[in-house]
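One structure follows; several queries about it will come next.
Order of writing sets the chain letters: A, B and C. Residues in each chain are counted from 1.
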Amino acid sequence: MKPHSAAHTALAALTISFGAASLCAQNTLDTTLAVRGRPRLAVSNTSGEIRVRAGSAGRIRIRAEYERSRVEIDQTVTRITVRAVSRGRSSDAQFDITVPPGTVLELSGVSTDVDVAGVCGEITANTVSGDVTLDCARGQATLNTVSGDLTLSGIDGATEASATSGDVRIRDARGPIRATTVSGAVSLEQVESPDIEATTVSGEVLYTGRIVDNGRYRFEAHSGDVTVRISGPLNATVTVSTFSGEFESDFPIELQPGSRISREWTFRQGSGSARIRLQSFSGTMNLRRLSGDREE
Amino acid sequence: MTAHLNEELSAYLNGELAGAELERVEAHLGSCAQCSHVLEDLRRVVRRARALDDKTPERDLWGGIASRIGAAASQPQSPTPAAVLQFRPRPRRFSFSAPQLAAAAVAIMTLSAATASLLVRSATPTATDAARLPAAEVRPVGLPLQPLVESYDAAIADLERTFAAHRYDLDTATARVLEQSLALIDVAIAQARAALARDPNNLYLNGHLRSALDRKLDVLRRAVALPAS
Amino acid sequence: MTIGAHLEASLSHSPSRENQLAQADSERADVALAQAGDQHAFERLYRIHVNRIHSLVRRMVGSEGDVDELTQDVFVRAWERLGTFRGEAAFGTWLHRLTVNHVLNWQKSAWRERQRIDSDADADQGAGRSRAPDVAMDLEEALRLLPRGARQVFVLYDVEGYRHDEIGKMLGVTEGTSKAQLHRARMLLRNFLER
């Protein structure tokens, strides 16, 4: 199939529908669309995978293998929409898409794994039971799943990651982070951000990274443990709250006058400019120091 | 051949033998079919003992226990600001003692130890410490939480009804994950509420309850918005 | 195997380690609440542990006493003694030890003493064997036929995983006696089970 030029469709949206010759047969498509500037791509799927990689500027190549479904592609000047439309149960579609670097992605699926690498743009991804793996994003990254895991790395921008039973793992990130799950773990590693909120109910929270002066940090669990491993200098006012949990610290603790109310402690480290809240109703909270690259 | 083995068989099974005695028993077992046979029987007995399953009592025993501890429990039912002091004293494990912590309320205390470790709950004031604690230790905050919690309850009940109608549109695995997660949050909410009943002015507990309620709302909102499978 | 490990293994109803950890943490909160007088929290603890404790009591008392009543006694005792639980071991381990002590004390009481003598005399005369049916038995049933001393040591060592030195202290006997009773129990059970 020949590339469709966006210029030709400036006024009228182009819709291509790839139907299945037979319901059970596996179908394939391979099409390349010409795009301009920083395009926006939306892909929705029911079951299967959405895999997106960075390719060359000016074109989006969509390859798909699908059965018991059809694929629809809509293109306007600014936006390309790809949909796998299920025809009955156990439909399946595997998308393998290359996009210009920086493409804005809106990906969604039910039992669909999402795997994005090297695109380094804004992204929104929602799945129900699939995993989301993301390597490199700039700007806003918003990711949601119910039972899948979220694994993100190389994020330079604001991250919002929410799971229910799955884990949220974020590595090598800068910018504000909101990471939350219910029974899964939240793990943030090699992070340098002035604004972090990481919460879970029964899972554990693990943070490894710097505490930026004047930053705001909240690490919260209900029954899980909370472990914060700090690299670099620490200038923070730390508040530890619990009901029946425990707290352990590698840092010398200075309790502030009047700082102890019930099961809440506040102490200052260095200039005290950053604010850290460690909360676990019944788990153990650890405040640890990373010395060099070696954990103590 | 030496006399048949007796207690040595159990000792051998338990790994209690060593040296010459172990050699002697193993040599005997190598040449005596009867003792080897008994050893295998004993091994089976031990294996069965380790595999025993626990069984549920035929009748629920809680009623009898509840009536006995109900009579014994003389804790006040209405929460009072002093409730926080009614926690039973517990021995402490780490560096801080309760009197030290009480002192810390009026003076800065610095620990220079490389690892300062404290068991937070251990610092719950003991009955004797309670008398020494400054009154400011239990600070009445008077949070207007109750109306807030009621509006949460109403919103949650609405969403629960919607979710109950929607759950059959979801695949069973997803519905189960959501229900298990909601149940986990419910435990968190119940525990936070129970803790608050003891210590109603505790800022952390109030915040924690709100956070758990927020979490439940959030999961329910996401659940009802999920696409049907 | 340590007692803790043995106990935790027996307590694990759910396969996932994460769930177990969450359960342990949730249990810690319930222990703290129960210590503060929250009966609902104590009921949750009861629900988690009742099967384990009831089974332990049943095996230890054999046919000597009312297992349900003793189990209730154990939980009432646990409620009364919660203030002494220091959180150094798992709550389940603490409760388990409390159960063993409670049952042993109950068995040691003067009222039970006469029964013990009768029971030991039976077994020494081989009466235990003659009472056993001629078919292979369930281990639980066979346990009931053991003389008390042998049953106690067998349950504590082979079922519950205590060591001989611990059992000796609990029962007030020497390690040698504990070892001899264990072997005696195993040999009797072999006869009951392998017929």
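By our rule, a contact is a pair of C-beta atoms (placed from the backbone, for glycine too) under 8 Å apart; a residue touches a chain by one contact, two chains touch by 3 or more.
Remember, it's a predicted structure, so these values are computed and weren't measured experimentally.
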item	value
Pair of chains joined by more contacts [C-beta pairs], B-C or A-C	B-C
Chain closest to the middle [Cα centroid of all protein chains]	B
Inter-chain centre distance, chain A versus chain B - centres from mean C-alpha coordinates, in Å	31
Centroid spacing, where centroids are CA-atom means, of chain A and chain C in whole angstrom	49
Where chain B and chain C are represented by their mean Cα positions, the distance between them in whole Å	21
Interface hub residues of chain A, defined as touching at least two other chains	183, 202, 223, 243-245, 281-282
Junction residues of chain C, two or more chains touched	22, 26, 29, 32-33
For chain B, residues contacting two or more additional chains	119, 121, 184, 191, 195
Chain A contact footprint on chain C (complex, rising order)	18-19, 21-22, 25-26, 28-29, 31-33
Sites on chain A touched by chain B in the complex	46, 108, 110-111, 128-129, 144, 146-147, 162, 164-165, 180, 182-183, 199, 201-202, 220, 222-223, 240-265, 279, 281-282
Touching residues (chain side chain C, partner chain B) in the complex	10, 22, 26, 29-30, 32-33, 35-43, 46-47, 50-52, 54-55, 58-59, 67-68, 71-72, 75-76, 79-80, 82-83, 86-88, 139-140, 154, 158-159, 179-180, 182-183, 186-187, 189-190, 193-194
In the complex with chain C, residue positions of chain B that touch it	6-7, 9-11, 14, 16, 38, 41-42, 44-46, 48-50, 52-59, 61-62, 64-66, 68-70, 72-73, 75, 86-91, 93, 119, 121, 184, 187, 190-191, 194-195, 197-198
Chain B residues within the chain A interface of the complex	84, 101, 104-121, 123-124, 136-139, 170-171, 173-174, 177-178, 180-181, 184-185, 188, 191-192, 195, 199, 202-205, 207-208, 211-212, 215, 218-219, 222-223, 226-227, 229
